[in-house]
Amino acid sequence: MEEKPEKLIVNGKRLDGREPGELRPLKIQAGVLKRADGSAYVELGGNKILAAVYGPREFHPRHLQQPTTATLRCRYNMAPFSVSDERKRPGPSRRSIEISKVTREALEPVVFLEQYPRAVIDVFIEVLQADAGTRTAGITAASVAMADGGIPMRDLVASVAVGKVDGTIVLDLNKYEDQYGEADMPIAMLPRKKEISLMQMDGNFTPEEFRQAIELAILGCEKIYEAQREALEKKYSANLGGE
Amino acid sequence: MEEKPEKLIVNGKRLDGREPGELRPLKIQAGVLKRADGSAYVELGGNKILAAVYGPREFHPRHLQQPTTATLRCRYNMAPFSVSDERKRPGPSRRSIEISKVTREALEPVVFLEQYPRAVIDVFIEVLQADAGTRTAGITAASVAMADGGIPMRDLVASVAVGKVDGTIVLDLNKYEDQYGEADMPIAMLPRKKEISLMQMDGNFTPEEFRQAIELAILGCEKIYEAQREALEKKYSANLGGE
Amino acid sequence: MEEKPEKLIVNGKRLDGREPGELRPLKIQAGVLKRADGSAYVELGGNKILAAVYGPREFHPRHLQQPTTATLRCRYNMAPFSVSDERKRPGPSRRSIEISKVTREALEPVVFLEQYPRAVIDVFIEVLQADAGTRTAGITAASVAMADGGIPMRDLVASVAVGKVDGTIVLDLNKYEDQYGEADMPIAMLPRKKEISLMQMDGNFTPEEFRQAIELAILGCEKIYEAQREALEKKYSANLGGE
Amino acid sequence: MQEIVSSVKRNYIADLARQRKRVDGRGLDQYREISVEPGLIENADGSALAKIGNTQVLVGVKLQKGEPYPDTPESGVLIVNAELVPLASPTFEPGPPDENAIELARVVDRGIRESQAIELEKLVITPGEEVWIVFVDIHVLDQDGNLIDTSALAAISALWNTKPPKDEDWKLKKFPISKNPVTVTTAKINGEMMVDPCLDEESVMEARISMATTEDGNICAIQKGGSGTLTLQDIDKAYELAVTKADELRKYVK
Amino acid sequence: MQEIVSSVKRNYIADLARQRKRVDGRGLDQYREISVEPGLIENADGSALAKIGNTQVLVGVKLQKGEPYPDTPESGVLIVNAELVPLASPTFEPGPPDENAIELARVVDRGIRESQAIELEKLVITPGEEVWIVFVDIHVLDQDGNLIDTSALAAISALWNTKPPKDEDWKLKKFPISKNPVTVTTAKINGEMMVDPCLDEESVMEARISMATTEDGNICAIQKGGSGTLTLQDIDKAYELAVTKADELRKYVK
Amino acid sequence: MQEIVSSVKRNYIADLARQRKRVDGRGLDQYREISVEPGLIENADGSALAKIGNTQVLVGVKLQKGEPYPDTPESGVLIVNAELVPLASPTFEPGPPDENAIELARVVDRGIRESQAIELEKLVITPGEEVWIVFVDIHVLDQDGNLIDTSALAAISALWNTKPPKDEDWKLKKFPISKNPVTVTTAKINGEMMVDPCLDEESVMEARISMATTEDGNICAIQKGGSGTLTLQDIDKAYELAVTKADELRKYVK
């Protein structure tokens, strides 16, 4: 990674030209894979992320089955070539195992798991290219993939990070801001009820900054939510037209 | 580890002031953990060792169940910070796998395994601090933990090492004696019937030294046995008083 | 490995004195192990290879059982001391996993797997000493071991490598030819029907060389086949005489 | 950490929560009994045994020389590892750390790292070549709930207990620790927020949120857990509890 | 890759084959639709997404400095790895590469290596000490049959897309690739040989044979797969198809 | 190594033992037929195939340069490894060494190491930096009981068979081995002590005790195994057998 820039915010604008409360360019596509039961592709800045859903399907081995509910499993994985520095060794890292866990906990609240006792629903997130904010973009993609796959859901889950950079609260940190900023707080939200299903943070927030950051995250998630719904509508109307 | 001392026995006394046939300071406590079905804590010199017992409980996967007897499993494990030199990497080593095996074989003869067909009894030994003789202190602790957990037993198992240092047969080797001595022989015994359930040895014994060492080990195990029974009586009387 | 020799073929002969179409000294013995259900030992040049067969036997875990056919499993393994250069670390390598797969696919066509639904047949190949051509010698050995173990088979499988060395198509490459030659093509054949069950190749063949190499491989497999049958006859007649 | 809970127990604890009561009679903002015993492991460079109720966690610190990370050549290295050894709970299995052990280690790590409690830049021997590695090993001994707070408390206590290693490359007078971050976990049960969940409460909670704060009331790390959600009010409440209870916990450090 | 196939499907596909027809209406010597998109991953030094029908494979190339193999001190290192991530198929499982992933990586490796497509001897920094390692990572995204040809096509395309890394130790003007090997897989179903099997065809085929050839029509790598056999005529047919279809596939490279 | 034994077999063998008889007609102090074939593996620096009855163990020795252990900078390194490959027994499974393989390797290791059979201090190239590593690989080929004695016999024979490697850093005339430890295992069945248990006997024995002794009758290593106990008389008997049978076994070495 290159040298730390002297300032990350110049004249109220971020180094990539964004306002503090602005998302990076966002593209969401639903239904991009043939074999998966549901799938989605998300680009957010330089992030390129695929998500796929399989299930509800039979859960092996049987002794892991839950008698009154389906089990949701999530796997967040980075392709070896997805990072700008050294090739990432294949296989799970401690970081990816933790992300897989919080991703699952971010998605569980919206799925009607009780409709499929004993079954399993698998969510796979592949980071093809990483550019800060992969876990939140992955959750955003996974939730579209689940909807694309017809998994019964209460709501979508929209997810984005907020943080503090040069003392300013900003939305959707890029790689430099993530690396050199003072705080990073990934959040996932159920947009309709404004409930939080993922919240992590590291860095340093005063109480006021913390509250300001949450508010900005809510605005960000609402923008993400809109793009998620557009992607799903586009897919459905294409299907209606095409088939 | 420091330099080798010139002599390990001076004027018939060992460097820590002990007689050849003397144990290090010994403390045994039964019932020290809440979640375990039985537990014990042993301090012997600088050794600090916890043992816990779970079971008899259902054995998964089922195809490993033994139709006419319970299965005893033992796991000896060292905490990463337990050793005086470099941090020990977590996870089983070849050494700890062998110790787990001989520990199980040292304990099996006293357990009425046939009373619980298909079940499993788990014994976990955690070395929190190591100071030579951890495997024997671990067996001593495990046997108290099993009694504390109400596992039906023929007898306790008492265990201690003997060895040869500067040509003298000594009881309960300390770290220097273990490192620089000429022989080390860990032994476990069923005190009532004076039967041996663990015997390992490495170094060099003449036949006479070997016999002398066994006799000293028997005396040592008897002292251990006494302390084990005291710890259990203390626990039982505390329970009677306390509840 | 030593320096590359200047020429690998001198006056039409190979460095070990062989004609291009000549096998290295070959020895096959059936029934060399007591515990295995069938076994064979093959020496081909410096290769020393043991194969053993267990089964048909019950297949655990059950969910892997195939309802209408037996499963064939093969495991090719090299002893740590089998190679002339550095000690090989124990355990499967990517190379040995691929060889195990193509070995299984080379043997499957001759086994009447449908006679033993749900069962498993295990073939184990141990390379005790390696000298080029271990995979083909392993298949040759495995097929004799299966016959020795009474596995019902359509035919034996005979296997040998061909290649290109100094522009000449040769049979049964030795270590130098394997290392410094221009092409290597291991082949396995069902001799009666002249059908190919293993074919791999790397290097460089013109179309003509490719066809010439296949023809030479067929001749080579026929010689191997003869030796395989002799070994089995010797075993049977010994059994008839001895028991 | 998942335990199957009978619906009877679930209803009982949820009903209590509705009345703002708890299984063991505590108030919603009340911790179980806390104790910290530093220095138990002489073989370690620092150690502490922390107990919150029946939950017991032993943390040992080892200082060793090694290479810095390539992207921070002028900084020592902090490595936090957690072992959920099967001695501590019938639900822990032997084997490499599972997602619960990894999350525990990483949450404790972030509390220490982000508060800049350890002055890592002082732990350099030769920049870019050799630095001190601070191994913080979390060894869970008895799991009766709230492993995060107990482990964080044991870890920061063990670090404050850490003595300089006997090594000629060590040039500092003391181990360079200067801050005192503590972590407070609040669980949500039947909509009510309560600190320091015991195991029974964890087995029925909708979600938990752990917040590490420093003496100045700033937040340095957060981790939400559990498969339910939190409202913005829940998060406010958790922050309020985190700051007030942190002062109480901080007294046990050292 | 094994899928359990109903005997109905098996009979249907076999019957079609006897009539020299295929499930999706193609001729026996016809590939599905092919596309190659190079340069998709800016973080990689080279990349390409190849599609054959619904099968999608993404390959990324990373150049890194490292040690040469002891027996080839004056040569760069080529490492090909394949991940069959469970996103791509309901039959793929998470975990280390299984025999199918390993075979796939090794077959693609041999096609590149044996054709001497990369001039590895140019990738030496200090002989015997430091060389460039070419990591070719095959990431399968959607598995609808014929992973070998799709992966080989993506790999050679990604290598042709590879740009010099920004590193002062890199002295060449461009990445030293000079050949264009492509791999053609022919499946045998009911005795008939047909190129580019889709997943349904793979599930019923007796055997497959993959041949990598270079522009001059020479063969540089072969791999037979499947539990059936091939006659000499089958192999002749496969070679004939390999050479004619290679010309077609080669157009998509770059 | 555990095999499920029918109670019929168990009773039969136990009854025989009470009469001081054995399944294969041997005396209690009698080994099965023994043979040792050294030098079978030319690729190894030393090797030997040992057979005791139907049990066959092949041991290969490899000498390689590497680093000494930090605490013994002036000593070569001995590494003993055992593979119970599934070819040798229906109960052996592929995979990393289990507790039986590890115990076997460590018991053989101790017999060699504690007898100081190899003069490891002669295997130093540069003190603290580079030494010779002696890899002793135990490869079990046919398991019909008493793997410990068979492996120990093969190992010491392979070490006596070891030739200097062709390497300019090797300065000694021969491989520095000077002692001849052998291991004798005695099993206890129905209270009777008998040497060299075959597989059927191992499957019913209460316990076993293995003793490695040197030419002078001193003991250098002991390992008790099995889930029963030994009386002091049993141990005396085992020692007596260990010394007398060692002389017999020692003749097969070299």
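Each chain gets a letter, A, B, C, D, E and F, in the order it is written, and its residues are counted from 1.
To be clear about the criterion, a contact is a pair of C-beta atoms (placed from the backbone, for glycine too) under 8 Å apart; a residue touches a chain by one contact, two chains touch by 3 or more.
This structure is a prediction, so every number in the text was calculated from the model and none was measured.
Participant: Where the centre means the average of the CA atoms, what chain is farthest from subunit E?
Facilitator: Measuring from the centre of subunit E, the most distant chain centre belongs to B.
Participant: Just grab the chain with the largest centre-to-centre distance to subunit A, centres being mean Cα coordinates.
Facilitator: The most remote chain is F.
Participant: Thinking of C-E, which of C-F, B-D or B-F forms a repeat of its interface, with over half the contact pairs identical?
Facilitator: From the options C-F, B-D or B-F, the copy of C-E is B-F.
Participant: Rounded to a whole Å, what is the gap between the Cα centroids of subunit A and subunit F?
Facilitator: Here the centre of subunit F sits 58 Å away from the centre of subunit A.
Participant: Please report how many Å separate the Cα centroid of subunit A from that of subunit D, as a whole number.
Facilitator: It comes to 26 Å between the two C-alpha centres.
Participant: If you average the Cα atoms of subunit E and of subunit F to get two centres, how far apart are those centres in Å?
Facilitator: The separation of the two C-alpha centroids amounts to 48 Å.
Participant: Could you list which residues of subunit B touch at least two other chains?
Facilitator: none
Participant: Which subunit D residues touch at least two other chains?
Facilitator: Residue numbers touching two or more other chains: 97.
Participant: Per the contact definition, I'd like the list of subunit E residues that touch subunit C in the complex.
Facilitator: 71, 97, 99, 102-103, 105-106, 110, 113-114, 209, 217-232, 234-235, 239, 243
Participant: If we count contacts the way the header does, which residues on subunit F are in touch with subunit C in the complex?
Facilitator: Counting only subunit F, the residues touching subunit C are 40-44, 47, 54, 56, 58, 60-62, 64, 81, 83, 85-90, 94, 96-97, 135, 137, 139, 141-144.
Participant: Quick one: which bits of subunit A touch subunit E in the complex? Just the residue numbers, please.
Facilitator: Interface residues on the subunit A side: 33-36, 39, 46, 48, 50-52, 54, 57, 75, 77, 79-84, 86-87, 90-92, 122, 124-126, 128-131.
Participant: Subunit F touches which residues of subunit B in the complex?
Facilitator: Of all residues in subunit B, those touching subunit F are 1, 94-95, 97-98, 100-102, 104-105, 108-109, 185, 190, 193-207, 210, 214.
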